[in-house]
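Have a look at the structure below, then the notes.
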Amino acid sequence: MQKLEFTLSAGPVDVSAQTLAGLARPIQYHYDDDFKATFRRCEAKVADVLRTTNDVIIMQGEAILALEAGLRALITPGMHVLNLVQGVFGKGTGYWVSAFGANLHEIEVGYDDAVGADRVEEYLDAHPEIEMLCLVASETPSGTVSDVAAIGSMCRDRGILTFIDTVSGVLGMETLVDRWGLDYVVTGPQKCLGGAPGLALVSVSPRAWEKIYANPAAPRDSYLSLLDFKEKWLGEGRFPYTPSVADVNGLEAALDQALAEGVDEVIARHAAAQRLTMAGAEAMGLTFWARRREIMSACVTSIRLPEELDNATVRDHARHKYGVMLSHGQGAGNLIRLSHMGSTAGGFHSVVGLAALGRTLRDLGMPLDIGAGVEAALDILSAER
Amino acid sequence: MQKLEFTLSAGPVDVSAQTLAGLARPIQYHYDDDFKATFRRCEAKVADVLRTTNDVIIMQGEAILALEAGLRALITPGMHVLNLVQGVFGKGTGYWVSAFGANLHEIEVGYDDAVGADRVEEYLDAHPEIEMLCLVASETPSGTVSDVAAIGSMCRDRGILTFIDTVSGVLGMETLVDRWGLDYVVTGPQKCLGGAPGLALVSVSPRAWEKIYANPAAPRDSYLSLLDFKEKWLGEGRFPYTPSVADVNGLEAALDQALAEGVDEVIARHAAAQRLTMAGAEAMGLTFWARRREIMSACVTSIRLPEELDNATVRDHARHKYGVMLSHGQGAGNLIRLSHMGSTAGGFHSVVGLAALGRTLRDLGMPLDIGAGVEAALDILSAER
Amino acid sequence: MQKLEFTLSAGPVDVSAQTLAGLARPIQYHYDDDFKATFRRCEAKVADVLRTTNDVIIMQGEAILALEAGLRALITPGMHVLNLVQGVFGKGTGYWVSAFGANLHEIEVGYDDAVGADRVEEYLDAHPEIEMLCLVASETPSGTVSDVAAIGSMCRDRGILTFIDTVSGVLGMETLVDRWGLDYVVTGPQKCLGGAPGLALVSVSPRAWEKIYANPAAPRDSYLSLLDFKEKWLGEGRFPYTPSVADVNGLEAALDQALAEGVDEVIARHAAAQRLTMAGAEAMGLTFWARRREIMSACVTSIRLPEELDNATVRDHARHKYGVMLSHGQGAGNLIRLSHMGSTAGGFHSVVGLAALGRTLRDLGMPLDIGAGVEAALDILSAER
Amino acid sequence: MQKLEFTLSAGPVDVSAQTLAGLARPIQYHYDDDFKATFRRCEAKVADVLRTTNDVIIMQGEAILALEAGLRALITPGMHVLNLVQGVFGKGTGYWVSAFGANLHEIEVGYDDAVGADRVEEYLDAHPEIEMLCLVASETPSGTVSDVAAIGSMCRDRGILTFIDTVSGVLGMETLVDRWGLDYVVTGPQKCLGGAPGLALVSVSPRAWEKIYANPAAPRDSYLSLLDFKEKWLGEGRFPYTPSVADVNGLEAALDQALAEGVDEVIARHAAAQRLTMAGAEAMGLTFWARRREIMSACVTSIRLPEELDNATVRDHARHKYGVMLSHGQGAGNLIRLSHMGSTAGGFHSVVGLAALGRTLRDLGMPLDIGAGVEAALDILSAER
């Protein structure tokens, strides 16, 4: 196997040296006043990134911990929940919604498509019993996005709680938690923020807290408990259990870089990387996975593979022969992903991705014009800078 | 507040530069073959430390995650469980045992005492219905240990499952998982191993797996699921969710240092640090928290405070005035702890701890002979090296 | 100015995370036995890389320190020295040779050419008074190499001392110090070794030491003194002055990586990177700086620029507009360099270099087929791996 | 040999994690505009620390490089130079002053003494031919200081150039370069600044530059050349040779910490550490090396050893048996040094030093009251914080 030369995966992403330095800060005792201050600064900086004044909770585990914790806390037996399904994470949400006792409604489309705000509106008009809506803002495995602004605001106006999985959405697309009235929002450091995996970043609206407090089944005294964090840490300054000190330090380093660059600037950088990657992929002769360009996410460009080429084979060829780590479809379909996320959303990282993927596919029998692809990407880069 | 000069807390502990360098290794994609190999090496190295051939599971969260996960997986309704309580963690285990539906039996002693193997034997003789025994090998908040060797072996011989919380026990005391037949064993990197918090290290015996598989309530599709890890990761090489890449790299660095030094040598180093710290504390005029010397843990020496001195006040004085971070009792009692754990189990770190605690207590009104304490500690050091 | 995305300069090079971790090891006192052992291990590892049993001296400054120190120590008034000039470093050597009192002979060719072994042979036949020959094995600014094997061996057979500047030659081309009988050899960590600048690595043959000891003007009690190092450090274990602890630790990390990969393997990796970079540059329509392919160095591919394009302008455009740091000619001529050195000698780093340079030149008015260049490079990569 | 637990040496010192992180910043090309900006910021920050508007030159080697460079540049044949000798570094300066052709005058005292300003005044009155005065502000090997304020100002008023070696003086004592009119001032990062060794930090007054420019023997085209740095780097933005990128990054990290704390605050911290170390040493029964307390340096407390105890033996015992690295006399006399420098000037580091030295000496046969020593140190600490 070739030595790793480039990590261009769809999260965990390659992180900057400053973020690594953050992870390597001396480990402090979690009750050292310095560390407690660090933890609180992180909460405030996450709130800045999310454009919210809601409570921020930093859970000590991968984002999925906060998704499970949120659903367990918010769902009451028989509650009507509308779940939008356009990818594997949305699908998974639905299983949990049912398993935790809700009455599950779903609008499902192909994993190369997105549920439009108009379909949601119709459904909500027809089902006034819906109390909560779940959506995945950015389906990383398929590289598609939801119209969070429209759907979120619509729910806010109707008094419907919103449960938003935006792990790879934050900083890859606009995320205005307060303006759009998003109630329970989960993200993670290991995507567009350019941090390491290991923490779940959550914002919880007052309305969501009300719902949770009113729910006798909301976990308490559990690793899955939001209430423990709310009452012990936010309330009394006692951690419910030992936080991941290094991860918190690494998170702060990543947040500092993003805030120094500017939230809007980071979003714009991802959009620029997407433009050049899409142009390159198209010119090379590749087909996008998504049905429509408008629903493609800015942090990862998903490429549809021909049936005869298995996506895991493609990924492994690029890694083993060329030392370039891409991501495959992870169950979303026969696709391969060019990621431009966090510190790899930069321009020439996409050139590497295009060249490595192009040559891999050529090796595996696809005729492609790699040169044209690289040229097209460079044209965008030259024109926009 | 004085700038932090020394972290002498009872975990998270100050870690070595090599461990920090491990945490700062480049973040790899979790499905990069390199990272998967790292993860598997870590499992094997944890098994080496635990002296076991059982499955090792590295859960992506603080040790308490694995405690909760284990109890939820092992407990079936009405099952008779004997829980030994000699400190706050043991007490907490009991709450969970009940909450998860078991029939709770407890032998409880003061938090300055330990439950002897003989009392356990009597109880088991009288209660043949007991199916599982829970104990905390090392109650970090009070600095006491259990007789895991005797109690564990006794349970093994009777076919009783053992659930062992030894977060601060491993590497601070002998832990022979296979020889003693321990079934479910939980430890963490942030104590005697000298790593960062953020992972839970578990070994699960075949007998424990049988029990879990037979339990329809054992969590699945959950952050708390051992079965997900067993089937997806150990079985199919798929992570149930993204692991904490930096924490895993940091763990390997800490394990490498411990294994290079030698498991027995690390244990001996902790014992030596305990001898000098105890000698120093005693000569200074301090009173141990524990009733008997034999039940004091090798990784932290707990000191009983006079009633008029509050343990949080003592801790804060040492930190704010002297820049030395100690740990207080965390609910175990009015005690303060001199930690000698991981990289701080070394000799002169204890001198710092003794001097800082001694002077803090003097400032707060306790007459103590700090000089005699330091001299006594140095006598041990000089004699033993 | 665009944020730096890639450092593809001709030394200092971008270094690996392991090397950075080496630089960040705790600073030890230079007389700590641990550090002295580190220093000695570094000497032995440098000797391994140089394939020599000669003394190795690690001077605490950039490579040029050792060049000056060597010439000052070896040159006696009126001594006949033949200096080969094919680039700016060779030219500089000549100035020093004269300034330090020798009788300077030179064979000089254009900086896009190399002095052949045959011309040297003729010259030496005609000038039996020559006592020392100086050459630059790899002229980094122009990207050309010397035939060190032939010329070195020829000198050895005639009893002529050899003074070899091979700062960017070592690990970029075969360097067999003992077999070729090279007397005074200087290299540095910041080129093909993939380390940080700050140290000069020297090997000194017994014959060279004899010459130095016989020279009353050889510096003593000076930062430029080789004898101080020989007598104090190699002789008595006393450093003549405080060594650069972090640089030494970083050096060891870089050496460890090179030796783990294998000296021949590192050399082969540079050669492979050269093949694909040359193929790419040629297919793109670029012209090599060097007159003949055989004299091009494996660590950097120099491109001849058209007169109307200034090399500094090209470099700055790539850096400021694209965030890719290339190197220009540094006085060697109107050329720009694609470096593939140390950790950037890897394959896709060259793709980045080709694309960034190609697009920069296109922006500045040169018609180039960038796509064909990238394709050609990938063809080599695909064929060879 | 015991594993290293504490580095309490008199430079290189143990450095902070932030400084290590600085050393581990990615290596940039030295002509990257980012790095050039870093280099210039470092110059400005050094000027801040030195309280000067003079040119600052950062030479790429240990401080001694700048001492040699300065003397070679400033000394003209026959020039009358008064050198103050109160330790090994002052003695060495004299050798160079003579060797470089000056007419050497010296006032020499024992290495446990200091040359008073009054003696200097008398000498200057009697020798109006003196053109330059050399002094070592802080003789690290013996732990004594000079009265730089008085002597420097006196020279300034008389138009005598001052050549000041204050490698361990800066940040350990007030250093007002402009107010006192100091002409050529050399310091280094590895002492009170808490950085790594490898760079020499120099300030050069306009008057010193005049003198250098007027000196035909001032080195040019040499590693020892100040003029190269002045003309190429300060003048044209071209480095005379590749700078030590990692060391410069580490320097900036150390400077940032010092400036954030405040120059006066760092000086005060060293003074406080000295007070408690002296109190502890005295109470323990140790004898200071220096004849008078007023001439003891704030960064290292030198202890006079009884004749029968060799200082190297003492140092090695502390290191080998206790893992504590102290410094011995390095030729200044039979003394051992308790260092409190940079990040180890903090309080409890001195407690470690006192305890380790005390017990070492007791092991070697000296009767000492270690306990009283630690108590006395803690008394100071308690009273002053």
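Letters are used for the chains, namely A, B, C and D, taken in the order the chains are written, and counting of residues starts over at 1 for each.
Note that in this section a contact is a pair of C-beta atoms (placed from the backbone, for glycine too) under 8 Å apart; a residue touches a chain by one contact, two chains touch by 3 or more.
Computed from a predicted structure; not experimentally measured.
By the document's definition of touch, common neighbours of chain A and chain D comprise B, C.
Chain centre most remote from that of chain B: C (centre = mean of CA atoms). Remark: chain A and chain B have CA centroids separated by 35 Å (rounded to whole angstrom).
Mean C-alpha position of chain A lies 46 Å from that of chain C. In chain C, 17, 20-21, 24-26 are the positions where the chain touches two or more neighbouring chains simultaneously. Arrangement of the chains shown, judged by which pairs touch: all-to-all, with no pair of chains left without contact. Note for the complex: chain A touches chain C at residues 2-3, 5-6, 17, 20, 24, 321-324, 346-349, 351-352, 355-356, 358-359, 362-363, 369-375, 378, 381-382, 385.
Chain B contributes residues 1, 4, 7, 9, 11-15, 20-21, 23-34, 60-65, 68-69, 95-96, 99, 190, 196-198, 221-224, 241-247, 250, 319-320, 325, 327 to its touches with chain A in the complex.
Of all residues in chain C, only 17, 21, 24-26 touch chain B in the complex they form.
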